[in-house]
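Heads up, the next two complexes both have chain A, just with different partners, chain B and then chain C.
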Partner chain A sequence: MTSTTRDVFIGDQGSRAKPAFFSTSEKMYKIKTVLVGDISVGKTSLALRFVNDKFDESYKPTIGASFISKIVVLGDGCVVNFQIWDTAGQERYRSLVPMYLRGAHIAFVLYDVTNPESFTNVSFWLEALQHHGDMVKTVLVANKCDCESIVSEEIALSFAESHYLQFVQTSAKTGENVDLLFHRIGAKVVEEMKRVSKQFNPNDRLSLYTERSQSHEEEVQKEVKKQKKCC
Partner chain B sequence: MYVYLRWRDAIKQPPKVSLNLKRCMPVVRTYSEERIDPALWFKVLVLNSVLVDIDRRKVFWTCENPKDSSKFLDNNGEQFNLQNFLDFFNTQEEISSISEYDNFEYDTRAAELFETARRIYTHLSMEVFDRVGNVSTYEDLLKILHVFILPEVKFHLKDRPSIQAVYDAMENECQMVESSINRKINEKRHYEESLARQRKSLVKTGLLLGHLNIHSDEKFYTLLSSHLDKDVKRLEDNVVSLTDNIVHLKKYGADHCDYKLSQARETRSKYIKDKEKLLYVKEELNVQRIKKIKDSRKSRPFLGRSKSLPKKSKGDSTYSTYVNESKLLDAASDEIRSLINNKIKLSGMREAVHLTITEIDGDGVSYGFNRKHGAFEAEADMFDPKKKPDDWMTLREQVQDFLNSDRSETKTRHDQFCGLVKTKCLRLLTGNRGKCSKDDSSSSTEGHVSKLSKRYSVRWLHGSVPKKECEKLCEEVSEYILDTAHMMALEIQGRDSEFITYHTHVYICYEKHVADDVMPELSKVFKESFRNQCEQLYEWIATYSMTELEFITKLMSQLFPDENDRDIRLVNPTGSLPRDTSGQIADTWENGGNCGRGLSRLSKSLEHLPLSTLVDTLHEQTGNLAITFEKAWSVVSCEGDSTKSLKSLCKDDKIYTTFSEFFKLVQKEMKTFSIFDKLRLLSRAVQIVQSRAEKLLKLKGHKYDLTTDDMLDILILLICKLDPNSLLCLYADLNLILHLTPSFLQGSMSQYCLVTLTGAFQHLFERQELQGTSSETNA
Partner chain C sequence: MSDVDELDVNPFFLALQSKFSSVYEKALKECCLFCIPQSDCLQGAVITDKFVDTHILKPSPFFKGQYHTIRSESQIASIDDNGEHITTLDGFPTKTAIKILNEELGYNKNYQPYKMLIIARPLDQNVLRKRHVSDGTSSGEFNMEFTVDNCKEFLKSIQDIAKAIQELDEQINKFIKNYILLKDYLDDAAQRLCEISTSVTEKSIRSMKTKGNLSNKKFRDNITAAVETCLIGSVHQKLYPTICSKCNNDDVAMVTKCRNLQGLSTHHLGVPKHFSCPLTSAVVELAHLDGLITPIEKLYCMKTTIDNITEDINKHVRETQPLGLPEEDIPCLTSDELIPILVTVIVQAKCNHIHSDIYYIDNFYWSAANRDRESLSYCLVTFKAAVQYMMTTDFSDIDLKGAVQNEISFDKIIESRSDRGAVKMCPESSMKSEREVNGAYIPSSSRFDRQMENISRMLDESTKEMGKKSNIVKKPIVHSIFGGPVKSVSPLPDEQQKKDKTNKDEDMGDFLSSLNNEFLSFGKQT
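Then we have the complex of A and B:
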């Protein structure tokens, strides 16, 4: 897009008006992804599986398994940087979880299919998300699906439906559905971002720094209500 | 030197970059750049190749010739193998500063470097770069080398032979230039003397008078006239100088100076006579010229009619010889000037090489120029990194440029705003001193904690400066930076599709300037606001942390499985002495060192200091070794088993030695002003904690990646080890950063570190509160 305001210079057109030294010609979508759930449900393993399954030398600063950044190219050529935040799962740190949820685009709520208590606690995590997370996509993830499931799939599915959540069964151990989960949900978030950027008014400076405009929030809410089907 | 660019797993090689020593400028094929200071370009002669890896956002360099290595070929030894190529460079030198800055996502230099490299890569097709005049791509290549890469290349001892060879080559070149200059000076002198002789002859014989053909000899006239002017000027100078000499001799000269005086007068008279003669000739020449012009106009009633060529004058051959020799003289002068300029540049480069060798011999490493505190500091005129074309300015320099002029509107606005913030801070600090605010709400109380008792929320809000005021100030600062960055971005770049990215980069660059001005005052305000809260926390940690933070024991047993190592106390050994309400160091020794009858709360804190710190602290207080020893012993023996105490105090240092870098970085963070620098240091601190802990666990046989739960456990332990002042400064800074962090950092690693560190503090506050509530209930 060539700007029509390019000729508007406040000062001397000399050095300051020279073309930018750099520009970001390759657009990258940064997606904050939070993993929530009880301790030992496999949050860290899921993140590590996603990152290490197919070793990628791309630039990714990490802090152990608690913060991981991975750049992937989605099917449509979009470059996405998943900024994966592990959250504390222990009881004593539950009050801190809201701090981790702010500004997230995706939340994966994990439970362990072999641990019914972790499924029961999903409600707690969802409540935290409702109060403190303004994310676009929330997915209920049934992890450790390579093991014999104690939590009924039907119950989990029905729970997900009743909370307008998407539902995925994964195994961080075998890698089942892990890539798919990130790629599909990532693609949906990118779609949302593109839609928002189309609505973006270039003259509205403040909206540059607003995570998501209110109208967008409303749209997202509407869409969430529409999405009664689980994937 | 060869440059390799890697992007999307493919390698491209632009034409060889070299340094033209004769002209002292870098060259890429047809493009050369003379607008820069070439001092650091000697590195091009030392290096063999540079790899700019856009995929991994890293830059490598080597003095080895990779082409000599067959490692780059596949197993058949036929085709180029990328992995072998990368493996080779992985074993070579990496410019760590570039990747280090880039890791934290908010350094604009790396973004500029890799974006330009990507642009070069894209434009480098065989069709395009073989075409003569591919100026912009070659210019970009020299730009990234000059601005980002060459200044960061750090030589080591192993590179000394190559550098010495370059130094020798420079010496030779300098000598060659020197002799060329001398040759040209002689040449010039020869022409000058010849022309002076010709002028003298012309003036003497009066050849030119009456014979000058004004049309064909206009050039000669102008030349001669200017030369005569120079002669007159030289004679005038001589006259002035001799007059001064005569005055001096008359005033101070003795009798025997009469001869000197008469000689000087004689010479002066001769000069005056010569000068008058020259002035006469010049005037005559001028009159002749005007007359000729008038005559020629009369003989040509209107232009275009006269087809006759001007007659050849008698002096034609003399004139042309004079004009030609004069041209040769000018050419010689130009060459001398150019050679001198080259010599200056060459000397600059030679001095840079010399400095490199000296530094390598002394320190083992060298960047080739004086570099202090991470900033460029040019030594004399040897290397001026700022000397480069305007359009090579980095974004940081462009933003700086806005504030350079005292009269610029931006600068005025900046000064006014910063002054206003400082005044507000001062007002808050003086106006609210001694007051305790309980009317505002804490932003950090979240979740189930808010359901706690009223006492809980009240205790958290202690502070002489209301938190609402702090937040309001931060909002104003953020808004101002955002506005100004927006204006600057518009002015620099204009609004285009990359405006948002550009705006964030300008924000990062400009924030530093605002932070340098207002951050010291803002930090003070935040510290005052959180002082009471942190002091209470410190006391709580000293008293209750061992019993209340039960998970610490488990953590310690994991990190330090050796049984003795576990006896580590959760108080700071580096802590400054506790202070009383007036800010004075509390006197806990009124009982003459007898702590048996219950040490005061403050002296209890001293119990936990490591022996070395305890002794230092006490000695600072008493100034007497005997008293210091007595008091230190009394503190140690108070614990019952003195041997055990001593042992545990020594073990206590293990945490400090293991995580010493964390404590150093935290201290460093407190001294920096920019939010982005603070975030970088805190992120580094958290990263180091993670890597140290993982290493420690691996040594003990545990092999797993640390989760957020683990990170929180360790950070809580480390926070407990902070001295009271650092505890306050860190917590105040975390809050300050939280309020000033722009939203474009949302989701980044630095944000994660910030949240985790704040979370560790929050957990401690919660435990303190819960313990307080349960004590109240029990009571």
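Then we have the complex of A and C:
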């Protein structure tokens, strides 16, 4: 018998600087979720499985399958709006993917268990995330687990452990662990958002503004003097 | 509240007896277990068939104390031994123990017993849909079209905030008169304008006497968006040329790149054949970008472009796929296709200031359009990705010589413009076609109109830029945005039309030469 919950959650990553999408007034948590990984690992399928699987009335595919939002209610009653950003997987567009990572709360790094190369390239995606994504949670997702796996689960697990990642096996085809993945990670992110929102100090911005203003004033003075001289 | 009272008023139970009576009758006959979430947690909810099916349970044939929903045998719940909780097990998003508040025993027509459990909350909140609160055109709301004039009208219509708006007017005049814009210090300008926008918005909201509106988030969002749009729209003439000057090199490089890539098709960029189709509406929409005023208008233009691409391609895919193909097997557009497709659209639309526009949006758009923030943000990033891909990729290995360049000639555009003009009957649309009122650009209702206006605008700009490029920033632009003495530098529409006409006559040589430079033609895929 196979276990229904194959996900192994290891460690936590650092928190975000500020709650970009947090909206207390609506009591709805907007969570930007990016899907990264090689082409054909099942990024789009995973997103579509999550939004289409059961509750078709609550999702809104706006831009093909590239941007999808779905509202779900988590176990504790928190309402979460997952904003799922699909990214390009082809090698030629790899340099563009970091643009999509900014401000994300969750990154699912996918590989295909039947394609070892996609697992090898996980390192590249993680590096991109490290440089450009200020994530709360990064999850290594072994997709297509309904197929015979060529990538060893032990190796993947140990890789995840060494990179302080959370690891989960999913099948976009059968839906295995897909809902669970979004719900569990979503709950963790909401928890993190609640914590960070208490710490965020809006007055931080003021001092930056003052500094910048002064430098501009100085520059304007110079410019005015220059113009006077010219006249 | 007693149990009887609860069932008398419970929206789920009432719906079960009326709207879903056939399911109810059948469930009674089979002595199902009814899990009825208490009324308090169903306020404003829509009871759907999925909700009903999730809350009617049958005993499991395998395990005592376990039940499955009539919606799916894989949705399993169990009642604990002491009958205090019902726990959702498999088939639900989470495993949760829900308190049983009370239990009712009933008998069906055959005198067989069935149970009704009043539970603290639904077994699965995801099937609970909130009734849509009216999108609201009432209480001062309007479906925000982010044009400067619309926003001015909206703000003027609220008496309570007149003082705050007067202050906005003063701040704008002060900025236009006194602020020296430096292209290397545009972030400071952005900061100042953002401060003005925030402060005026806050004052407006504070000065609202009709507090009822304030509890409405959409109303507050509209005030924020309107203030921001009016502010940026009013300083646009001073601000935008400086931005263009800052991004000039990139803009020129982009225009050159687009010119060199004429004839580029999705096929050249490896997009699967089933996603290749004419994208005229997207090209026409994007060609309109240069003529828009505020960042939010430009952002919506980008979104509409992507929406048009998606719509046309989805339609094409559905038309070309074999009949009866399951929904899940129909190919859907992903980022791997969207980026190259967008590249071909950008090439054909020939926007003159795409880098400036991206900078403009990045730095001078703050709170407007809260409701679409995420999808707009996605569109902006996709545009940036496409632009960066174009700028950093060497396309020299693509043979564009053989590619057919299906351009709409300017004659054809003029011809279709006159045809369109003959068709235009609605006085509203003719009013909207007046491009500038008090210096504010008003997009017209249809994409075609906007395309025509864009051409006119480009004509104006190209003639203006020839002689007056250096004077734009220095010239004081002082005008009130809300009534009062208006000293707009923009000519009145009639005068503008006359001037346009004479300009066109005089500058026909320049105009034709700009045609040769392909700045004024529109690409078309056929």
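Methods note: the second predicted complex is superposed on the first by the 170 of 231 C-alpha atoms of A that agree within 3 Å, B and C clash if a C-alpha of one lies under 4 Å from a C-alpha of the other, contacts with A are read in each partner's own complex, and residues count from 1 in each chain.
Convention: a residue touches a chain if its C-beta (ideal position, glycine included) is under 8 Å from a C-beta of that chain, and two chains touch if they have at least 3 such contacts.
It should be emphasised that the depicted structure is a prediction, and the values quoted were computed from it without experimental measurement.
In the superposition on chain A, the chain among chain B and chain C reaching more residues of chain A is B.
When the two complexes are overlaid on their common chain A, residue A:G77 makes contact with chain C while staying clear of chain B.
With both structures placed on the common chain, the touch criterion links A:H132 to chain B but leaves chain C unconnected. Using the contact criterion defined above for the overlaid structures, shared-chain residue A:S66 touches chain B and also reaches chain C. By the touch criterion defined above, A:D179 lies against chain C but remains apart from chain B after alignment on the C-alpha atoms of chain A.
Of the two partner chains placed by superposition, chain B and chain C are both touched by A:L48. Overlap of the chain B and chain C interfaces on chain A: residues 21, 25-26, 30, 32, 39, 43-44, 48, 57-58, 62-67, 69, 83, 85-90, 92-93, 95-96, 99-100, 102, 209.
Taken in their complex, chain B has these residues touching chain A: 55-57, 102-105, 108, 111-112, 115-116, 118-119, 390-395, 398, 401-402, 408-409, 446-449, 482-483, 486-487, 490-503, 505, 551, 686-687, 690-691, 694, 705-712, 742-744, 746-749, 752-753, 755-756, 758-759, 762-763, 766.
If you check the complex, the residues on chain C that touch chain A are 48, 50, 90, 93-96, 121, 125-129, 180, 182, 184-185, 187-188, 191-192, 195, 217, 270, 306-307, 310, 313-314, 328, 332-339, 374-375, 378-379, 381-382, 384-385, 388-389, 392-393. Chain A contributes residues 1-3, 5-11, 14-26, 30-32, 39, 43-44, 48, 57-59, 61-67, 69, 83, 85-90, 92-100, 102-105, 128, 132, 202, 205, 208-211 to its touches with chain B in the complex. Those residues of chain A lying in contact with chain C across their complex are 4, 21, 25-26, 30, 32, 39, 43-44, 48, 52, 54-55, 57-58, 62-67, 69, 72-75, 77, 83, 85-90, 92-93, 95-96, 99-100, 102, 179-180, 183, 209, 212-213, 215-216, 219-220, 223-224.
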